[in-house]
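Note sheet for the following structure.
Letters A, B, C and D name the chains as they come in the text, with residue numbers starting at 1 for each one.
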Amino acid sequence: MSLQAESLALPARSPRRSTLSHFADVPIVPLVILFGIALVAIFANQLAPHNPEIGSLSARFKPPFWQAGGSTKFLLGTDQLGRDVLSRLIFGARISMIVGFTAVIFAGTIGTILGIVSGYLGGWVDQVVMRLTDTWLALPALTFAIFLAAIVGPSMWNIVIILGITYWTRYARVIRGEVLSLKEREFVRLAIVAGCSKWTIMRRHILPNVINSAIVLGTLMLGVVIIAEATLSFLGVGVPPPEPAWGLMLSDGKQGLMVGYWWLTVFPGICIMLLVLSANILGDWLRVKLDPQLRQL
Amino acid sequence: MKRYIGRRAGYSLLSLFLLSLTIFFFVRVTGDPAALLVEPGASASDIAAIHHQFGLDRPLWVQYGIFMSQLFHGDLGQSFYYRTPVMALYLSRLPNSLILAVAAMAFSLIIGIPSGILAAVKVGKFWDSAGKVFALLGLSLPAFWVGLVMILLFSVYLGWLPSSGSGTPWHLIMPAFALGWYFAAAHMRLTRSSMLEVLGSEYVKLARIKGLPQWFVIAKHAFKNALIPVLTLAGINLVLMINVAVVVETVFAWPGIGRLLYEGIAFRDFPVVQGVVLMGGAMIVGVNLLIDILYAVIDPRIRLEK
Amino acid sequence: MPFGTVTNSGPPLLQLEHLSTHYVSAQGTRVVRAVDDVSLTVRAGETLGIVGESGSGKSTLALTLLRILPPAARIVGGRILFEGEDLLQKSETEMQHVRGKRIAMVLQDPMASLNPLFTIGDQVGEPIRIHEGASRRSAWERARALLKAVRIPSPETRVKQYPHEMSGGMRQRIVGAIGISCEPRLLIADEPTTSLDLTIQAQYLNLLRDLQREHNLALIFITHNLGIVAKMCDQLAVMYAGRVVESGPVSQIFNTPKHPYTEALLNSIPRMTDTEQRLVAIDGQPPDLSALPAGCAFAPRCARAVDHCRVAAPPETAPAAGRTVRCWLAEPALAGVGAESGAA
Amino acid sequence: MAASDDRAGTAANLSRRDLLAVAALGAAAGVPRIARAAAPTGELTWGIHVTLASTWLDPAETQGIITPFMVLYALHDAMVKPMPEKSAAPCLAESWTATPDGLSYTFAIRKNAKFHNGEPVTAEDVKFSFERYHGVSAKLMHDAVATIETPDPQHVIFKLKRPWPDFLTFYSSASGAGWVVPKKYVEKVGDDGFKAAPIGAGPYKFVSYKPGVELVLEAFEGYWRKTPAVKRLVMKVIPDESTRLAALKRGEIDIAYSIRGELAEELRKSPGLSLKAVVLQAPNWLYFPEQWDPKSPWHDLRVRQAANLALDRKGMSDALFLGYCKITNNAVVPYTFDFYWQPPEAVYDPEKAKKLMAEAGFARGFDAGNLTCDSSYANMAEVAIDNLQAIGIRAKLLPIERAAFFAAYGGKKYDKGIIQAASGAFGNAATRMAAFVVKGGAFAYGSYPDIDELFPKQADELDRGKRAAILDKMQQLVHEKAIYAPIWQLGFLNGVGPRVGESAFGTIPGFAYTAPFEDITIKAG
């Protein structure tokens, strides 16, 4: 047993570990936050006091209830169109979760498959995939987003597709690297000797061994994707209004910052921050737990 | 190694060619620049006139041929919107982008590396958590928001720094920080984990067994090894910074390349989009080669594999 | 056959008294007793072998001696008397003067033990420069001499080379050279041969033995290979679940093992045709060090365990001079008492 | 002349703060201030919301959008252009006459009109500029004109192929053809050279330009109308609205274009800053492309009328534009255009709207599909959707990036649901009808025969009164059939800093930017 493993993954990794003790040191707070956001997203209809998309122009810019002029009718105030900020945050949780998770899964699926195929088959397949990732890197995410938005039109699902298509390369690179080292391992060689087909080996032997890395990367990418979603909104090609996406709220509300309508950006900002922070802390933990080798983002 | 680099360069040229093809056709699918140069309601003949002026009335493959032959002569064509050569535009913006990227990179490394090391050395202690939270905050807040809050705080309330524009080092501080923070976080993270890995390595253990003082172990045996992945990432990030700075450039009215590209897309200025993306691609290729060479300088394992 | 010209005489060079090192998880909820109440003695020039399965605490014990434990580990009790001084009372700076100079250590992975970015000469000469304040040049000279001492051909060119240019056996010898560079009194070798093939292994063991003789070194040899113990060691300590379950002169233990675990280990020797092979002959799994059973940690795997073994942990007893054992069966009287109290 | 140049040189080397100090000193010392005609002093800085393009420096490139004119008004001058006093004011042309048959226009050039290089503006320059013009309307204009005669340097005669009532409209405001550049200089330096260092006949001369970043201009003391009061103008591109306001608050800029919504409120509240609102010649509207489909609810006039009644234009304007939008109730024709017809005032009456819906058989409302709009106007559309929802018309917002939106709008891709759009195109009521109402119009998804019938009649009508009557009738029909639901003419809100005396915002009706530049002053003291 090396010191490295000990220092990173304490307590010592003895082969006989109960599943429970495996998760004994899980970071509780981030997990609770993520579950909380997920619950809010699921029960948004029950939780939200108002319709998130419909407001009244006569009730614009009401501050949160504890400030002068605020009322308990709108606990966290109202926005530029008189919509309830709390309700929008609650429904925003749903959109952020859907956008975040599906985009990450989408990107992860493409990237993992291409990474495995490219890493395992090598040769011209590898070259094509790697050239493709090079090309992708040269096209900034935003360029893509606007192109795609122009072609397919903006919608929540298109944003998911855009983010997925943009970020698959990170998976491809990491997974490919893993596969290259897995290829040299005994069990893969044994499988080859045993006469398994390439596809069987990739599916049965390689995939289960890289899935941990993909999960860790996915947790870390969740944050990246959510920030990217907000940035696309800032550039006017994000989730279209009036959907209450957090990124859109942050971007729409930024105008109010200078006027003193701080609640328009601070609340969605905190929500995004909590979600991304939690995902990242959890991702860091998972990385240590599942895959100490995975260093790059 | 020369042959290796040569082959790599060959592949990179291939990706650049693919990129030119992709971007050329992609940009033409997205819309008609003429529609943006006239108000809605303009006549069809007006629009046809613009098409003719820009050469958009010719077959696509002819347009691509012209584009490629110009490219061969180092000419990226003429901007539809600015009516000036794209290369000149690009070069006029490049210094700004470079200054911003280098300053942002300096910020991110100056903050990222020492605090990453600190977080790794004091694992599980206050500095580790502080470093982690600082790192993750940079990742958790969109740059446009950080930028606006900074303008509000340092320009409007405190009056210390100019709100926007370029020209003096004072103008550079806020955009460089806003851009650098996100990357600082990434660099700190990588420094931390790479440092942890190196600190957990057998040779660092051996160095401590030798009785070397802690700081010496960190400074000599750990730092240099841990730096390699960080430098690699920094190299790639430097190029990314040039290409993705659009948000920061927009907020701080910093006249860089990100903004040029963004406007190019918004105006369907095909030559600008093609030019900027290709130049960006060329830079990434260049930096990747540079990293390979740098690697060889730092790491004797590669240097000697002739 | 145990080798050893030095007998149990003279003052102890190193004396461990009830040493315990625990790993504590970040939340403090889990405690792993990696080293638990270990007492051992090593005399100058003597070789002590420590054997045990993976995770039995051998390596942690070695790191405890040098106090280079990972942050989560705590030395929770005991004393480490080295040449009469308690190492646990020393400051970190004082410890730095012990490490490398008075106690050296050879790690198990020669491939990973050398920093890939520095030359061999630099790394071999480093302890000399640090501990003896030697100049760069004289450290370089000494490094060359050391390479020669560990029988590395053409040391003049080798000092200028980088680790990746060496074979595994050569690297392990270089690590050995680093170990003896400041002429320490005690050398700890943590499974130094696991990653070497058989011939090189034998060469390396011979080298270690020669070095030991030349420098009158005390050697602590951590291994799971009883064959090597038989070849190299004077004394033997068998570790199980963080504790020393049996210790004493090698010949005595080999002839009359007192602990069922030791017995099982010895029974597995004939089947070890490959030195790489792990101790798979014993049924069952090593215990989870954070959730040890109430009684003897070996009881669940012990064929001869009685009820009492599962109730209380056996104390360390001395069945003969220079020998210790932790087993109720070794002390039937005690076992009987235990059985009564267990029945009551 | 030499002395004044020296003074100017000294002033240019002083920073703005120094100049203020000097000015204050002057005031304190009681030096009598000369009313005008003194040398221009000081510097003003603009924060521009769009990207400055090189093409804006050359009137020959003028496309059909209004933005280039923010620069053209400073650098160049036209024969005839919209000015505060009238929409076709004599500028480089002192006067003009048209023959009764509408086939010949004679312009007399102002004698003291000079280019920045000191050379006089001649008939040759005017002819050259017209022929050189290759902006959007170039073909239309070049085709209409048979010959251009220059009997002497002071006179130009345009001979048309056939009568064209809109000639002067296009020559004066709807294109760049009437803006004059120096022939000799352009021929010497070429088109690219000209864009790199343009010379015009406007009140400000070119100093430097960084593409997309910054334009610096300096007062031209030989300008015919008057000597500008401000020595230097700097136009800086600051794309982000919040940043523009921050820069204005800090005094980094003096005039900030386009400050909307909450930021406009903040601007209004900020001491020392003032809000200047201008009504653009860009009406916004909702369009119902399904109205020609008998199966669609929109086919029913009452439904379209209900949609009209449902829009709370006033509330929307108050909320989004501080009430500065002009609610004309004319869907596509701006009130500043020739042949504009004023419809009855817009009414907000959701109750009546619901009643109409019920009468049309939609008491429980209906799903209207998407409301598609240019994403830069999504905020407006969000309110419109709320308004429509209140009377049971349920639509989903689909904001599309500008370029894609107009391409698809013009390509007749949005044939379902509702379209929210706007147009700031130049022209008059007839040009707007052609594009948005009558059969074959670029943005007309259908048409009504009675309106189509009227259109060719007005085009051939030389009598202005009769033509106006036809166009009035057409606009009235558009209103009565509720083809559109007009929203308003957009209020363009800008910020002006404390140092600015006269900002020249809103002096030219329908023009969004500061002009004429020679009228702009820095506050004394």
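Methods note: a residue touches a chain if its C-beta (ideal position, glycine included) is under 8 Å from a C-beta of that chain, and two chains touch if they have at least 3 such contacts.
It should be emphasised that the depicted structure is a prediction, and the values quoted were computed from it without experimental measurement.
Greatest Cα centroid separation from subunit D: this falls to C.
Closest chain to the protein centre (all Cα atoms averaged), using per-chain Cα means: B. Computed from the mean C-alpha positions, the centre of subunit A lies at a distance of 22 Å from the centre of subunit B.
Look at where the CA atoms of subunit C average out and do the same for subunit D: the two points lie 87 Å apart. Centre-to-centre separation of subunit B and subunit D, using mean CA positions: 38 Å.
Our note on geometry: subunit A versus subunit D, Cα centroid distance of 44 Å, whole angstroms.
In subunit C, the positions touching at least two other chains are 26, 70-72, 109, 112. The set of subunit B residues touching two or more other chains comprises 30-31, 123, 148, 152, 156, 200-202, 205, 250, 266. Subunit A has residues 2-3, 6-7, 146, 150-151, 254, 257-258 in contact with two or more other chains. Per the touch definition, subunit D reaches subunit B in the complex via residues 51, 53-55, 58, 61, 63-66, 134, 136-140, 192, 195, 210-214, 236-240, 242-243, 246-247, 249-250, 252, 401-404, 406-407, 409-410, 421-427, 431-432, 434-436, 442-443.
If you check the complex, the residues on subunit A that touch subunit B are 2-8, 127, 130-132, 134-135, 137-143, 146-147, 150-151, 223-224, 227, 230-231, 234-235, 247, 250-251, 254, 257-258, 265, 269, 272-273, 276-277, 280-281, 284, 287, 292, 295-297. Residues 26, 66, 68, 70-72, 92-93, 95-101, 104-105, 107, 109, 112-118, 126-127, 130-131, 162, 164-165, 175, 178 of subunit C touch subunit B in their complex.
Interface of subunit B with subunit C (complex): residues 123-124, 200-214, 216, 220-221, 224-225, 298-301, 304. Only residues 11-12, 14-15, 18-19, 22-23, 26-27, 29-31, 123, 132-133, 136-137, 139-145, 148-149, 152, 156, 186, 189-190, 193-194, 196-197, 199-202, 205, 229, 233, 236, 240, 243-244, 246-247, 250, 258, 261-262, 265-266, 273, 277-278, 280-281, 284-285 of subunit B touch subunit A when the two sit together in their complex.
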